[in-house]
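As written, the chains take the letters A, B, C and D, and residue 1 is the first residue of each chain.
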Amino acid sequence: GQPLLLIAGPCVLQSEELALQIAQGLMQAVEPLPINLVFKASFDKANRTSLDAYRGPGLEEGLRILQSIGEQTGLPTTTDLHEPHQAAAVGQVCDLLQVPAFLARQTDLLTAAAATGKTVNVKKGQFMAPWDMEHVVTKLAGSGCDNILLTERGTFFGYGRLVNDMRALVQMRQLGVPVVFDATHSVQEPGGLGGATGGNREMVEPLACAAAALGVDALFLETHPDPDQSPSDGANMVPLADLPRLLRRITTIREAALHS
Amino acid sequence: GQPLLLIAGPCVLQSEELALQIAQGLMQAVEPLPINLVFKASFDKANRTSLDAYRGPGLEEGLRILQSIGEQTGLPTTTDLHEPHQAAAVGQVCDLLQVPAFLARQTDLLTAAAATGKTVNVKKGQFMAPWDMEHVVTKLAGSGCDNILLTERGTFFGYGRLVNDMRALVQMRQLGVPVVFDATHSVQEPGGLGGATGGNREMVEPLACAAAALGVDALFLETHPDPDQSPSDGANMVPLADLPRLLRRITTIREAALHS
Amino acid sequence: GQPLLLIAGPCVLQSEELALQIAQGLMQAVEPLPINLVFKASFDKANRTSLDAYRGPGLEEGLRILQSIGEQTGLPTTTDLHEPHQAAAVGQVCDLLQVPAFLARQTDLLTAAAATGKTVNVKKGQFMAPWDMEHVVTKLAGSGCDNILLTERGTFFGYGRLVNDMRALVQMRQLGVPVVFDATHSVQEPGGLGGATGGNREMVEPLACAAAALGVDALFLETHPDPDQSPSDGANMVPLADLPRLLRRITTIREAALHS
Amino acid sequence: GQPLLLIAGPCVLQSEELALQIAQGLMQAVEPLPINLVFKASFDKANRTSLDAYRGPGLEEGLRILQSIGEQTGLPTTTDLHEPHQAAAVGQVCDLLQVPAFLARQTDLLTAAAATGKTVNVKKGQFMAPWDMEHVVTKLAGSGCDNILLTERGTFFGYGRLVNDMRALVQMRQLGVPVVFDATHSVQEPGGLGGATGGNREMVEPLACAAAALGVDALFLETHPDPDQSPSDGANMVPLADLPRLLRRITTIREAALHS
């Protein structure tokens, strides 16, 4: 079996110092495990619930930090983009481009991402069937993208709640691409905090274990030394200190699934 | 009671001749009825299921056609925009700017639309609760937009199907803004046609009647002289020739609701 | 157009006096309107959330009260049954037998109801598609039932919430039977009150108006002189005193729909 | 960790010979594994889609077969009941009583099951939240039932489809009872075959693996030597010959989850 790909980091970039601290914590956590690590952080949270919520450092400063993290740690990096014109700049810094779930059907964003020649990871829209992602794969492949990842991050399940249809991991892999399980956003509770999105961190572990039992190719996780201080998605982040135990458990289950 | 606002037109612009024919057909249909008409057509379908589907004439040519239609008919016009940089140009031609449902949470698109000073109509995301639209209203109002419309166009209801929660019309109006019922996209069946979105035209009328009974402020309808020849959304469009009868029925029900 | 059939009453029988008061209040409310009234009350709430919730007077005493109400008012009556052995006794007293939504697929209950020779009203299960009710119609018809009603009372829409897919009224009527809109149970919020089912009375009117605009054959409503004192479903009942205005509005909209 | 409880058998009883063949096949499959086996078969399918579908041998003959299977194999047995009056007879033969999902809220059925003194396994209704099962547990415990199991078998997810919210296994176990994952009914497609319920057998294994990774206490599976010949639920049954490999895999993953 292939090592697990772990796409992890804080949700949004704050300072370079914090980003580096998290990257190094992640490297320590994965060091003894069959895991390949990609560092993820957002330069801009383009769809925050409220106008005055912290959005991040912006494209230029964000990419500078990501490049610096990559150079200091040797880790590949990834970030999410929101408009086609951002793709080229992101593609010069990051190894993996991430297309957000709400934007999974925006053709120009997909073709711009494909044009960078980098690997593109598209999150399945909360409003899409797993098999609808075939069209996303076709759009990307038709635009010259050779390396595609698809991410399950939950499907609409009544107002304020998402559900993971675990069959989606099987069905999206049947499209011929590796699949990612996003354990952080799957436990979001949209609108759950009034003017912000809530979540339930306790469900990250059971859902990640379930995905591991399906032999998922990659796991997406957001983490922070102190999640309750994170400006975004804190309610569903895993504390950095919990990652060694959690990742050991997930890889143990995944290995059992792959070798049985 | 106020006249019904009708936002109608073909889905996507094809030729100016066809757009004019549809606009004139609409004018004839609404002439005897308490209806104010806004002509709607898209210059670009930015999230088509497939890469090679017809997308429209593009921003420049699309706005030229819309301006010409407006000048020839005297009708106000509207179109949907997909990226913030398009807002200023659209705002110079159209009286009403439409933000697509998938993009209802994209802050930069909302603020760019607000900056035009025009009325902004935001479609509720298929993944959003009616009360989540409060944040959209707040973002727009906080960006200087004084005239806001919110549109119900269906909520995710299992793969390949939407449902109209009619309570949404009441709940969104409680946010202090007029509400629109989009009878065309509510009957979409995402992914229902394999490489394209399907739909069920027969349900347009009952759903529009239901919305009328709630005293909805505006109705959104796509129409075509020959829907099965439309390059997009044909399965859920109403034939132009059916509109006089349909609109008479809807306004009759709406008047009964408003005056009882 | 046919008059509207109104199936209404308290949720569960308490005293005969109260039942009579409600029946008489209903008669007054419908007297000036094109409405045929059926008095509804339950003898047993067989699926209360909690073991110690009030369930009702039981089969024997419940049927005695219903018979007495029928004799004193001349109204036809209906009640819901839960086990096949209850059908014969209910059929001797009531003109219309009601099969609860959770039990809509229980074959023996349907055939026992059919065997009474009375009209049978089956509520669509919260877990069923409108077209799945075809099998219910076939089971009833195949058991000799000539008069069938189907009721829309909401479909599961995420934990603790139901939604009315208004298309269901059209689709179930296409099965060749009259359709009922249950405006009371559609606004239930299962589990919404912890150890009891909650609800939202304010949505009864808009949803009933929407159903009226579809020309629904019958309306189901629970009412009480003081809903907050009702032992069951109080949160979604309409106060008896509000019915004259509400029913006038609904019939006005329905007439507009039928004659336009 | 405790051994896995496996509740398995054909869906509905046909002949005693076939039931015995399946019971013996199951015993062979679990023999080398840390699994405790309970033999399950239905004497009556009380909610078949169609009136003329095979329902089973009935209560008396069904219990005779179950008793005989129990005596010949030494296995504990279980079956599902549909009306309160059946409970006593079932309780005299079976070690475990199963309450169907549609009936999970029927108070009299729960109390009758509790009165037998046997263990009671209630399937979560397709229309219920996991936390709503607290009331089921309370009803059973308040009726003297000391041994309760709760089963996840899928939740309504749009017409004709169920989804497993894997969090339900965690949430129901937090009610203080062991939890069962029903891998067969979770892949049902209600109404998917027109006049019958369809299903997708290929998803049994991934979903059962996911449940195993959550350390589920019990697994429910229907099996048949030739599923396509089964009179019920064939589309989602596992062929008997596939069970040794499948169960080995599931127990391997479960052990990894319990010991990591």
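Here is the rule we go by: contacts are C-beta pairs under 8 Å (C-beta built on N, C-alpha and C of every residue); 3 or more make two chains touch, one makes a residue touch a chain.
Note that the coordinates shown come from a computational prediction; the quantities given were computed from them, not determined experimentally.
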Minimum number of chain-to-chain contact steps, subunit B to subunit C: 1
Numbering shared by both copies at the subunit D-subunit A contact, with half separating same from different: same
B-D against C-D, pair bridged by the larger set of C-beta contacts: C-D
From subunit C, the most remote chain by mean C-alpha position: A
Where subunit C and subunit D are represented by their mean Cα positions, the distance between them in whole Å: 33
Whole-Å separation of chain centres (CA-atom averages), subunit A against subunit D: 36
Averaged-CA centre spacing for the pair subunit D and subunit B, given as whole angstrom: 48
Residues of subunit A engaged with two or more neighbouring chains: 155, 157, 159-160
Complex contact set, residues of subunit A against subunit C: 157-161
Of subunit A, residues touching subunit B in the complex: 46-52, 55, 82-84, 102-103, 105-108, 111, 125-132, 135, 138-139, 142-143, 155-156, 159-160, 190-191, 195
Residues of subunit D that touch subunit A when the two form their complex: 155, 157, 163-167, 169-170, 202-203, 206-207, 209-214, 248-249, 252-253, 255-257, 260
